[in-house]
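In the two complexes that follow, subunit A is the common piece, with subunit B as its partner first and subunit C second.
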Partner chain A sequence: MERDSHQEGEAQVVKNCDPPSDCVPTAETLATSLSLLGNHMFPDPVEKNDSTSVDKEEHATLHQSKVTQKEQHLDAESHSNQVNKLEAEETENSEYQNNESTKSVDRDAEDAGTDNDQSESGEFVVAMLAKAKLEEQGIGVKGRSSLLLEAGTQEPAAFMSHRDEDVTADSWRQHRKHVFVLSEAGKPIYSRYGSEEALSSTMGVMMALVSFVQSGDNIIRSVYSEGHTVVFLQKGPLVLVCVSSSRQSEQQLREELLYVYYQIISMLTQASISRIFEHKKNYDLRRLLAGSEKILDGLLNLVDSDPSFLLAAVHCLPLASSLRDSISQILQKAITPNLVFSILIAKNQLLTIVQEKTVIEDTRLEPTDIHLLLNLIGASSAFQAGEIWTPICLPLFNPDCYFYAYISYLDPPECTVCLLLLSTDKEAFYAVAECKRKIEEAMVAQNSLSLIAKAQSYSVSQVGVSDLRHFMYKPFDVPDNYRQLTQFTSPEMEAPYSSEEEKMRLLDLYRYMHSRIHSTSRPLKLIYQVAERETLLAWVTSKFELYTCFSPLVTKACAITAITKLLRWIKKEEDRLFIRYPPKYSTTTNPSKSSRGGKSDQQDSTDNGFLSLL
Partner chain B sequence: MLMISPRMASGVQEKQYTPSLLSFFVYNPTFGPQEGEEEKKILFYHPSDVEKNEKIRNVGLCEAIVQFTRTFCPTRPAKSLHTQKNRQFFFEPENNFWTVMVVRNPMIEKPSKDGKPPTTEYQEEEVLDTVYSAVLKECYSMYKLFNGTFGRAMEAGGVELLTQKLEKFFYRYLQTLHLQSCDLLDVFGGISFFPLDKMTYLKIQSFVNRVEESLSLIKYTAFLYNDQLIWSGLEQDDMRILYKYLTTSLFPRHSEPELAGRDSPLRPEVAGNLLHYGRFLTGPANLKDPEAKFRFPKIFVSAEGGYEELHLIVYKAMSAAACFMISASVELTREFCEQLDGLVGPQLTLLASDICEQFTINRRISGPEKEPQFKFIYFNHMNLAEKSTIHMRKTASVCLTSVHPDLMKILGDINCDFARVDEDEEIIVKAMTDYWVVGKKSDQRELYVILNQKNANLIEVNEEVKRLCATQFNNIFFLD
Partner chain C sequence: MALRELKVCLLGDTGVGKSSIVWRFVEDSFDPNINPTIGASFMTKTVQYQNELHKFLIWDTAGQERFRALAPMYYRGSAAAIIVYDITKEESFQTLKNWVKELRQHGPPNIVVAIAGNKCDLLDAREVPEKDAKDYADSIHAIFVETSAKNAININEVFIEISRRIPVVDAAGGISGRGFKLGRQASESRRMCC
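Let's look at the complex of A and B:
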C-alpha cells in the first residue's frame, strides 16, 4: 500500500508544480521559433524555445525518474521470481483481484471527472501497478506481471541497439522508415530508431511545423524531398510522423501511422488518452507506455514485411475445412458468460475465430484489430510461459473500452499455437482459464495439435501456371450474409523472391500497384506493367482484387490465360484457403437477438466478373 | 479561375475553383542573419500587398521545412510541402537563393442551407508535384534567359539591383502563368519539331549558312515554322526556354496582324516592299519610320565558362520565323537592320512558301484526316522532341486539350512511375471511365497513348498501340 500512496502523491506533486497552462508552447511562440530557425542553425532555437519550461520540466522528471526506478526494480524482482503455477495460489489471487478492483476506476463511466491521476492513466495501468505492488509484497506472481513491462524488458540487447543509435550518424539517416510519435505539447512519446531524448529537439521542430501551419487555419500533410517523404498525422492529442525513403504513397504511409496510433489505443484506449491530455497537456505519455516500445517496433517491422496491413485483410492459415471446422467446434463448446471472441492462432496466422452471436450480429471484427492482436502476441515472447490476463482495447471495435484478453500457448515449448480468449468481464480470469483447459483437453483428444503442425502455406507451383511467380488475392464475396472478416490468400514467396531484399522489392511493387489502383482521386480498374525483371498485373473488380507477378517475358495473352486458371484454382481451393463460415456461440443469457445466425450452405456460384472486365 | 459546375442535382449550385497562384517569393536566408532583420532575406514577394510580418512568417516556414528535411538528408532538402489548402514548391536554383511558389488546391464550394456560410472542400490530390515543380523551375529559367543569374545581378549592383530586376521581371511574368492548364507537357518542357523531307531541310540549312556568312555578326541562328522548330544553333537547354518564350509569348502576341485580311488596318505596312513579307517581331516595327529604335531584347545563354549576353532578333515571314543572335557588346544600327531585312526578307518568304507546299503534299499522301482511335504524347529526352495530338493549341493563356483532365493526370502519374526506375517499362491502365491509357518508356523516349475504344480488351489495346508505333512513329524517329 505504501507504494501505491507514494504513486498517488507523485501524481499530485507533478500536477501541482506543472500546471498545463504555461508549459504548452502555443502556436504563437512556436511561430517565433520558426522565424528564429532561419537565423540560427537548426535545431538550437527549439531548445531555446523549450527552455522556458525547462525548470518545471526538471521537477517533473525528477519525480518521474523515481517512479521509473522503482518500477524497474519491481520488474527485476518479477523476473527473479520463479513463475508459479496459477492454480496453486487461489487465495492470493483473489486478494490481488480485490486489490485491483478497489483501486480501479470505473472504466465504463465515461464522465469520470476524478482528479486522480490513476483514473487518467486508465484501467490498464492500474492493473499493471496492482501487479507490481503484489510482487513487491512478495505475493506469488500469477502468470506473469504486466505483459507490456515484460515485453519491454525481454531481450534487452536487441531492444537497446535501436534506442541507443547515434541520431547524428549517417546510418540513422539511412533507415528506410522512421516513425515518431509525440504529444501536442511536443513531448516525445516514441521513436522507432534512436532515443526519444536525443530526438526531442527534432520532434520539437515537427510539432512546431504542425502548430505553425495550424495557426494559419490549415493542416500540414506532408513534405517531399528527392529521397524522402515525410507524412504528418494528427489524431486527437497525438501527432504521428513518418519519414520514409521507400517509394510508398503518402496515403499508405498515413495508413501505417494509423496502425501505430491504433496500437497505442489498444494499450491505453482513446478515452483515457484524451482524458490524460485534457488534464495535463504536458503529460509524458512514455510513463504509461514504458516497455511497450517493443510492441510498436514489432508492429512497424510487420507493416514493412507483411502485406496484410497493405490489403487491410487477414491471412489465415490454409487448412482442410474439416479440420478447421472441428477445431472451431471445440472453441464453440468451451464458453463462459461474457466471453465474446475465441481466437486460435497458429504460426502467426489466424486459424479460426469464433464470435459471440450478438456481437457478430451488430459488428464484425475488423482486420485491423486482428492485426494488432497478432502483433501483440508476436512481439513478445513473454506470452510463451504461463497464462496472461490483460486488458486490451480493440480500437476499431470500440476505441474507448477494454476487453480482457486471456492469452496462452497450447504447445509449449514450441509455442506456435496460441489461444486468445476475449471477455468483457474483468473478473472472469478463472472462468476463461477453465475454457482453455476444456479446449486443450478436446484438442488432445482429437490430436488436433499434430494436425495443425502439418499445416503449412502453399507454393505457387500448386496452381500449375508456369509463368506465374506470385499473387495476392482478396475476395469481396466470401458469403456476404456472414459479414465475414476480410481475408486474402497468397502463396509463399519463392525464388527469385527468396532473399529479404527481393521480397521487399516485390512487396514494394505491390505497394506501388496498390497505391495507383486505389488512388483516392484517380482510382483505376486495371494496371498491367511490363518491366525488366517482372510483369505485374493488378485488377480490381466488384468481386475481388488481385495482384499477380509473372516472369518478364510473359505475353499479354499468356497472362490472361494464367489469370483465368488462377481464379479457377482459387475457387476450387477456397474452403481450404479461407475461413468460410465463421462459427458463433451464445454466451449471453438472452440469445433472442441471434435470429440471423443460422448457417446457410448457400454456395456462391456468382460469376467472378472475369469475362466482362478484362 | 472560377467554373460553375454543371452538377446541379440538388438544386444548389456548386462552385468549383481550379488551382491558382497564391504567392511567389524569392529569398536568401543569409541576407538577414540577425533577429529583427528577417525582412532583408526577402528579395521578392508576390502579392506585394501582403503584410510584412506575414511575409516573414511564410518565409520562416519555408526555411524551417528545408532545415527540417536536412535532418534526414543534408544534401537533398525539401522540394514541396503539402497542406490541406495549398502546395508549396521549393527550388534553390543558385546557392542560398530560394524560389517558392504556393499553389492553392482546387476546391469546391458548396452552399449550405439555412443561410450558413458555404462549406469548402479542398481537393488535395489534384495537383501534381512534378508539373508544378517544373513550372517553378521554368520561372527561374525564364528570368535567367532575360536577366542572367541572380549572382550576376548581385555582382553588378548588389541586393538593390537584384530586387529591382526581380520586381520588373516577375511582376509581368507571373501574370502570364496559367496554373490551371499546366500538365505533362510542362514536365517535359519539350520542343515540337517540324517534320520535313530531306530536300527542304537542306534548303533551310543552306539558307542559315548563307545568312551567317553574309552577316558575320550573327552568332547563333534558330529557324521555326508554324511554331515548330526546324534548326537551332543554340545549346539544347537554352533553345528549350527560348522556344517556350517564342511559342507562348512572342508569337501569340504577333499572330493577329497576319490573320487579319490583306486590307485590314491591323496589317502592318509592308510599305512599298512588295518583294517579301518579312518583318521584325523584336526591334523596329517599321524600318521606314525615322523614329524607329534599333533596340532588341537581350538574352543570356550558356557559353564556355559561364554565359554570354546576346541581342535577340526575331524575323518572320508568313509562317517561317528566324531568330538571329548577336553579341550584346555590338551596337545594332539601322544599316545593319536594313541589310538583314533586304537579305533575309525575300529568301525567307520564298522558303516559307516552299515549306508550306511540301507540308501540304505530305499531308495529302498520308491520306484523308479521320478521327483516329487514339491520342498521344511523345517525348524524347535526348533531343527534347515532343509531339502531342492531345493539345490542340498551347499558348501561355490557352491550353486546349481534347481529353478529360483526369486522363491527363493519369498520364502524369504514369510519368512519375517511369521516373522511379531507370529501366524500360510499359504500363497499361484502365481508368474508371473505361478509357485505356498506355505508357511506354524505351531508352530515352516516352510515349503516352489514350485509346478511345472503351470496349477493347488488353490484347486489342496492345495491337492498337503496336499499329500506332508502326505508322506514326516512323516519321518521328526519323528526326532523332
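Let's look at the complex of A and C:
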C-alpha cells in the first residue's frame, strides 16, 4: 500500500513541488563554484522525523466507523479518502532501517505522496470543523449577544474586536492563522480569534480527533487540505491546534504552537498545570489565564511578524560595544543576594543581559525564554505604571519554578527602556528595587539614557552592496562561546518592503527558504531562488545560517560576491551587532571574584568563526 | 513636617478598577483601556494630612486568580487595605467578602479596611445596592465609599479617610514584612529629627 502511494505520487512530483523545483541542482552548482560543498557537508538527516504517512486501509476504515458514530450526517464517501498523517511509532522504525538505501530516492515521491493524500483528508476534517461551526450557530450567537450586553455596560473599547468576533462569519474563517488551546477534557482554554465559549463545540471536535487517533496508540500530527494545514501538538494535559493558510511548514507551525505552550507555562509553570489537571480533569484553565489573553495574542502577532521566533535567536539592539559594556558594568555593580538575571531592554530589543555566574555555569539561557520575556513586556502597557513585581517562569530554564521579576521603565513617560531584574526570592522586592535606583543613578551620571535613545537599527545600505535588499544572519555557537546566547542580526526592512503586506511577503519567502533548509526529509544547505519580484539566497554552514534577499535582476556571480562582502562587513561590525561576551556577576560569593571572572572570559574568547570560511 | 510611610494594598476581583483608582489617585488620569495588572504594581504618592506628610506606598495587586496566592506578600505589614468591588457586578462583592475574611485571619491585626464600590458612574447597571454594602461595611467597622475612578468621585476621599483612621502613634505595622522595615526605619529616623 505504501509503495503504491509512492508510485502514484511519482507522477505528482513536478506538480506538487510548486516553488522552485530546480533549486537543488542550482544550489549545488553554486556550492561547487564556491568550492565549499566538501567543507561543510550538512549532516545526513539522522533524526528523521518520527512521522510517516500511515495510509493503510484498515486505518481508514477504522476512522470511518468511529467517526460516523459521532457525525452521522457526513456521507461515507468523504471518509474513505480520509487519511491522517500519523505517528506510528511501533511500525515505522524498522521499516525505515530496512529501506535506508532506497530512502533518499523515495523521499521525493514520499513527500508528494503524502501531499496527495493529505489534501483529501484535510477536506474531510475541514468539513467536520465547519459542520461543528454550523451547529454552534445557536451557541455562537448566544455567546456573542451576552458579550455585547456586557460591552454595552462598559466602554465599547476598540481592542475588544478579536474576542467578540462572530465565529460563524466568513471573516472569522479567513484569518490566516488560527490557534486554539484546549484541555484534554476538550475544554476550551484559548482561541486567537473569537470567544472560547462560542467555539466550544469546534474544540470538542478537535479533541475528538485527537483522542480517537490516540485510542489506536497513535498521535495525530497534522491534517492537510488544499488551503489549510492543521497542526496538532499535545503537551501534557494541553492540546494545541493551529489552523493555518500561511503555507508554512508543519514543523514551523509546530514550533509556533510550542511557543504558545511555553508562554502559558511561563505564567503558570508546568508543575502546577499538571497538578491542576491531575486533581480535576475538567478544570477550566481560563480561570487562571483570565486577563492574560493579551499576552498570548501579542505572542502570536510577534511570531507572525518577527523572524526571531523562526530563527530561534535573539535580535539585540545594535550599539557601540563601549556603550554596551559600560551599561553592562552598571548592571553588574547593582546586585543583591538571589538576583540571577539583570536584563535591559530598549525599543523592544535586548540591550544587555548580565547573569549570575554560578547559575549560568549550570544552565544556558535559551532564546525562547528571552522571547517570552520580551513579549510579556511588549504585550502589556500595565508595566508602564510604577514598579512591577510578578512571578514568572522561564520554561526552558526550569519549567516548574518561578522567578520573581522586577519590571520598571527607566524613561517614563516614553517607556522605551525597560529594566528587568529576576530574583529567586519572592520577598526581595525592596532589595531589588534598591538595585534599580542604583542603576538609575549611574545611568543618569553617565548620560546613558540619551545615548540609548540615539541607538537604532541599521540600514542595509550601510553594508554597501547595491543589489542587497535585506538579510538575516545567525552565527552558530562555536565551542568557545558555548554559553553564549544565540543571536541573529538583520537590518530594517526598507522599501520595497515597507508596507505591512510586503514585509509579510518577504517573511513568508524567508519562511519558505527556512523550511527547505530545515526540511526533515531532505534538508538543503544552499538555495538560490529567483522569485517573481526578488532573488533569494539561503545558505547554511556549520558556522552560520544566512538568508539574503536581492533585487530580481542580480546574477548568481553578483550574489556570491555580495555575500562575501556582506560576511566581511558583519565580521567588521560584529562587536556592535551582537552581545559578544555576556557579562556575569556573583551574588553568592564576594563580588570581586565575579568581575575577575568576567574579564578572564573576555580574554578566553576567540574568533566567532565569522569569516574563517572565506 | 513629619513624614509617615503608609503601606496600602488594593485587593479585589479582576476588572473592578483597582488600577484605575490608583492611577486616578497618583496621576489623576484615567485610561478606559487599561491592561490587566500583572503580579502587582508598586507606586507611591505623598499627601499632606494635617501637620504630617503621608507617603502612601501603594501595592496595586492583580485581581486574577493566578496571583491570588501572592496576596499575603502584599498585605503583610500594610497599614490599610482598600478592597474594591464593582457595583455592577454582584460577584465582585462576594469576592470582597472573601478578602475581608482572609484579612481577618491572616492580615495584620490593626489593619484599616476600606471598602470601595467602584464604577458608581454606571448607575443604570447597578447590581449591588449601596445600602447592603454600607451595612456590611459598618458590620466590620470598615470605611465605605462608592467611587468612580472614571469621574474622579471619592478617590482622594478614600485615602484621606485612611489617613484619618491610622492611629496617631505608629501602631499600624505590627507584623511588618522584611522589606517594609527599611521604609519604616527611614520614617522613624525622620520623625526623631523633628
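Brief remarks follow.
The rule we apply is simple: the second predicted complex is superposed on the first by the 425 of 614 C-alpha atoms of A that agree within 3 Å, B and C clash if a C-alpha of one lies under 4 Å from a C-alpha of the other, contacts with A are read in each partner's own complex, and residues count from 1 in each chain.
Everything that follows uses one rule, which is that contacts are C-beta pairs under 8 Å (C-beta built on N, C-alpha and C of every residue); 3 or more make two chains touch, one makes a residue touch a chain.
What you see is a predicted model, and the numbers here were worked out from it, not measured in a lab.
Judged by the touch definition given at the top, the superposed model places A:Tyr581 against neither subunit B nor subunit C.
Of the two partners subunit B and subunit C, more subunit A residues are in touch with B.
Look at A:Arg516: by the touch rule set out above, it reaches subunit B but stays clear of subunit C. Look at A:Trp389: by the touch rule set out above, it reaches subunit C but stays clear of subunit B. Of the two partner chains placed around the shared chain by superposition, subunit C is the only one that A:Leu289 touches, whereas subunit B remains out of contact. Of the two partner chains, subunit C is the only one touched by A:Glu427; subunit B is not. When the shared chain is aligned, subunit C comes close enough to touch A:Ser381, but subunit B does not.
Once chain A of one complex is fitted onto chain A of the other, the partner contacts of A:Phe397 are absent, as it touches neither subunit B nor subunit C. Common to the subunit B and subunit C interfaces on subunit A is no residue.
Across the complex, subunit C meets subunit A through its residues 14-15, 19, 22-23, 26-27, 32-43, 60, 62-67, 70, 73, 88, 122, 124-125, 177-180, 182-183.
Every residue of subunit B that touches subunit A in the complex is listed here, in rising order: 29, 32-35, 38, 41, 56-57, 59-61, 63-65, 67-73, 76-86, 123-126, 129, 406, 409-410, 413, 417, 420-421, 423-432, 434, 457-459, 462. Residues 31, 34-39, 42-43, 173, 178, 202, 205-206, 208-209, 212-213, 218-228, 230, 243, 247, 250, 512, 516, 519-533, 556-557, 560, 614 of subunit A touch subunit B in their complex. Subunit A makes touch with subunit C in their complex at residues 153, 155, 157-159, 267-268, 287-292, 294, 376, 380-383, 385-391, 405, 426-431, 433.
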